[in-house]
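The same subunit A turns up in both complexes below, where it pairs with subunit B and then with subunit C.
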Partner chain A sequence: MQKLGEFKLPQFFNYPPYFTLQPVKETREKQVQLWKELILDYCRTQKIFIIGLEEEFPLFSNPVIERSLSHEGREAFLSALVSEGRAEWMDKGHRKCLILWHRIQDWADIILQYVKDNGLEDSVVTIEEIRSGTESQGTELYGIDRTILNRALKLLEQKGKLVIFKGTSADDEGVKFSV
Partner chain B sequence: MAWNCLPAVDVTGSGRPVLLPDEIECYYLSSVDLLCEEDSYSSFPHLKSGLLILTTHRLLWLSDSAAAGAGSAYAIPLGAISHIFSAKKSLKAMFASPRVRFQLSMSADGRVDASGSGSVSRSVVVTIVVRGKGDVDAFLAKFWESWRGRAWEVQSAPSSSSGPGATANSGGIYGSDGTVRMVGVAGILRKEQEQWESTDRSLQEAFHDLNALMSKAKEMVMLAEKMRQKLLSGSNSQTNAGDEEMGSKEEMQDWLLSVGIISPVTKESAGALYHQQLSRQLADFVKIPLERAGGIINLIDVYCLFNRARGTELISPDDLLQACSLWEKFDVPVVLRKFDSGVMVIQNKSHSDEQVFAKIKILATKPEALRAGISASDAAMTLGVAPAMAKEHLLSAESKGLLCRDVSPDGFRFYINLFPEIDLHDMRLLKDHGVYASWVKAIHVPG
Partner chain C sequence: MRRRPGIGGLQTAAAARDQYRLLGENVAKIRTDLMKEQLDTFRSQLEEFARKHKNDIRKNPAFRSQFHEMCAKVGVDPLASNKGFWAELLGIGDFYYELGVQIVDICLSTRPLNGGLINLQELCSLLRQRRKSDRGAVSEDDCLRAISKLKVLGSGFEVISVGKKKLVRSVPTELNKDHNEILELAQAQGFVTVDEVERRLSWTSGRAIDALDTLLDEGLAMIDDGHRDGRRRYWFPCISPNSSSIGADS
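Presenting the complex of A and B:
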């Protein structure tokens, strides 16, 4: 089976029509679903948070069969993810897309779990620590995208689970949990 | 009624009368009754509200249901008509349906005598009652013309040498393979004879045309004379106001216009009938080319073939389209079909897409096709149709979900549709049977 680094590609990745936007409704629906699943699956395992439409993205071309996805196709499949709440456009021009293999709500739950696991209730940590601290190593939070982390923390702040402190720079922004 | 005095006419599958060789249709009238004035003459059929067709040889009467193949159709040979009465102008006639009366000769055994000679035992007067719209005066003029033209006599002379059977089959575009086969010396001799005859015939026709030209020339001379006088009178009264001159110019334009249009009224009044008849004729005609093309044929091809068969009386693409769209209303074995791409074809009603799709499926699941897909020309070879047609078939197979497309720098190809077989919840799952499995097998064979 073909691989992209560690990622095992499904067989249909070598199916040329997979790379052509199908015009027939039913066929296209299935194609879109398969692309959505593959993108989410790939991003989750490879910890990819942002897909740039104009940049190289390994999934969007298959040198083995010499096929690559057109810009129209990329936008169509990512838009399908956006409409399901599994992605967000980061700019109006749809050039960058934030992939949410966990929804923001799910990320918030993961943070709470992290707080509980490390006994951080009522403590203060910097945001950077959540992303790259020793406690977060081996969890899904390790290396999380800054935008997603901020969004999840904001959600928790709204729920009164924590307070965000503005630091002098982005590096020393901190949060005080009050779970 | 055990029998009747009029010969029956064969009707084609689409409800058109089968014409004699060299017979040409001249005029159509709808909703026509044919009445025999002597009520006692019971062998004259009861003909109510049908289509009357005047040809160079006969008067054909088709009941409305004849189109469906159930009704009746009769012919009155023009040769049996001994007199056509001129129309009566009376106050009563203005309100009643227009009528045309003629006298019909009967032979001794009570049948209509086509030869019009010899044993005429009696004659009856038949009335044509025109209930529908139609220019009866124009009809009457044509009726006289055809009757006087005696086309049936001209035709019978050459046909006697090549045998009646042969000519009957090769009449107009209905001819299939009725021609006599050319074999050996006899064939060469026959060919010589035919060539000689056709030269003779074309010479005759040329003189016919000359006659027609001369009769038209007479009209033209009259018209020219009229115009000259009008212009003269105009120049005499040059001092008159400009508006009168304008008036005369308009009048002159009217005349000039009337020279160009042959019979505008007729075309208007017979417009509906024209397309209807054209439609039926086309349905008959298209059968053979359709068979040859495998049950489906491009409309453009039909247009070319049909006009080639018509020779001089060409029809416009618009007329063809209109004729085809009228098929929905008649019981004909062919239909007009429009593909999603806009390509229009004529196909047999019995033609089934399923058969085509089955063939495409077999083609698309061959190992080579699984690997590299199929192009329109691949399908054209398998299906035995033109590549453009094959592409339409592939596109409709695609829209049915049988195929899907691959657009790449290499071109536009179709693959068997694997999408429905792929498990959405386990993308890497591979069942050991089905098209998906055989596709995986096929792409891994070369290495």
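Presenting the complex of A and C:
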């Protein structure tokens, strides 16, 4: 089986027609389904949060069979993720896509778990600490995309679980939990 | 015998007919008895054989297939019913019913990928994966036998031969001769192009495109526009080893 680093690629990745958008509805649905799963799986294991449609991305071409996805193909598969709430376009021109292998709600739950595990129920931490502090090492929060983190924190703020306060720069933005 | 006139003659003739009839019945009875006896002997021998080689029949696919062949030759179908001697002795009915259910399952789960047409070899290897190591090996012959039993359900399960390969069809799609020829042509590389079909089969382009479009619509073919020669290729998941085993794991 072909591999990308440690990532095991599914068999369809080696089958050329999967790199061409299929015209027949049922076949296309299955094709889109397989690609969606692959993209989410890959991003989750590789901790990738943003896919640029015009940039190199390992899944978008397979040198072994000399095939690569057309722009339409990339957009179609990502749009399918967007319509399911597993991704969001970051610009109107659909050039960058934020991949949500956890939905924002799930990220919020992960943050709450992190708070509980580390006894931070009434404490103040900086946002940067959540992303790269020693407590978050080995958890899914480590290295999380800033945009996603902010969105999850905002959601928790709306629920009254914490208060975000702005610092003078992005580095010292912080939150006070009140779980 | 010289024909004699009068009632006496007629009576003699009638008596002779009776005699013949009696004799005939006797002979027939003796023959039937003999046949019955032979059949009984045969049946007990077959049972004896099956009992003796029970384990081989269960575990060894080659042996099983030969056993079936032998039974077929003498007109015994061990799968005809799940009741009675054969089933009790060998549990062989259950084996094939179970196989049948698993085959239906695999055909359904891979249908979105291959349009309901699957290579027999691939079906077998998926079947083996699913059954893991338990309860001995499964041969292609076993698959065919189980599929033939599925026919009574009228669900359109059928084995078709295309070129050297056997394909199992689980959708009621009618494949005509043109489609079969394309599938046969595709076995060399897994795909065909319109050009190739026209050239190799000496068809008009309309005929080739028409047949390929039908195969596309049925979900049996997939297009590939990515090759650098720019020619559209039509791939057939049912004959490419690469494709349809994906669905089974997910």
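The rule is short, and it goes like this: the second predicted complex is superposed on the first by the 179 of 179 C-alpha atoms of A that agree within 3 Å, B and C clash if a C-alpha of one lies under 4 Å from a C-alpha of the other, contacts with A are read in each partner's own complex, and residues count from 1 in each chain.
The rule we apply is simple: a contact is a pair of C-beta atoms (placed from the backbone, for glycine too) under 8 Å apart; a residue touches a chain by one contact, two chains touch by 3 or more.
Since this is a predicted model, take the numbers as computed values, not measurements.
Visitor: Both complexes share subunit A, so when I overlay them there, do subunit B and subunit C fit or clash?
Guide: clash
Visitor: Contacts for A:K8 in the overlay, against subunit B (first) and subunit C (second): which applies, first, second, both or neither?
Guide: Only subunit B; A:K8 stays clear of subunit C.
Visitor: After the superposition on A, what does A:K30 contact: first (subunit B), second (subunit C), both or neither?
Guide: Touch partners of A:K30: subunit B and subunit C.
Visitor: Who does A:T20 touch here: subunit B (first), subunit C (second), both, or neither?
Guide: After superposition on chain A, A:T20 lies in contact with both partners, subunit B and subunit C.
Visitor: State whether A:L38 touches subunit B only (first), subunit C only (second), both chains, or neither.
Guide: Touch partner of A:L38: subunit B, not subunit C.
Visitor: After fitting the two complexes on their shared chain A, where does subunit B collide with subunit C, if the options are 256-264, 292-300 or 418-426?
Guide: In the superposition, subunit C collides with subunit B along 418-426.
Visitor: Under the contact definition given at the top, report the residues of subunit A touching subunit B in one complex and subunit C in the other.
Guide: Shared contact residues on subunit A (touching subunit B in one complex, subunit C in the other): 10-12, 14-17, 19-20, 22-24, 26-27, 30, 34, 37, 66-67.
Visitor: For the complex, which residues does subunit B have touching subunit A?
Guide: 373, 398-399, 401, 404-410, 413, 415, 417-420, 422, 424, 427-428, 430, 436, 439-440, 443
Visitor: Residue numbers of subunit C touching subunit A in their complex, please.
Guide: Per the stated touch rule, the residues are 112-113, 115, 191, 216-217, 219, 222-228, 233, 235, 237, 240, 242-243, 245-246, 250.
Visitor: Write out the stretch or stretches of subunit A touching subunit B in their complex.
Guide: On the subunit A side, the touching residues are 1, 8, 10-12, 14-17, 19-20, 22-24, 26-27, 30-31, 33-34, 37-38, 41, 66-67.
Visitor: With touch defined as at the start, can you tell me which subunit A residues reach subunit C in the complex?
Guide: 10-12, 14-20, 22-24, 26-27, 29-30, 34, 37, 66-68
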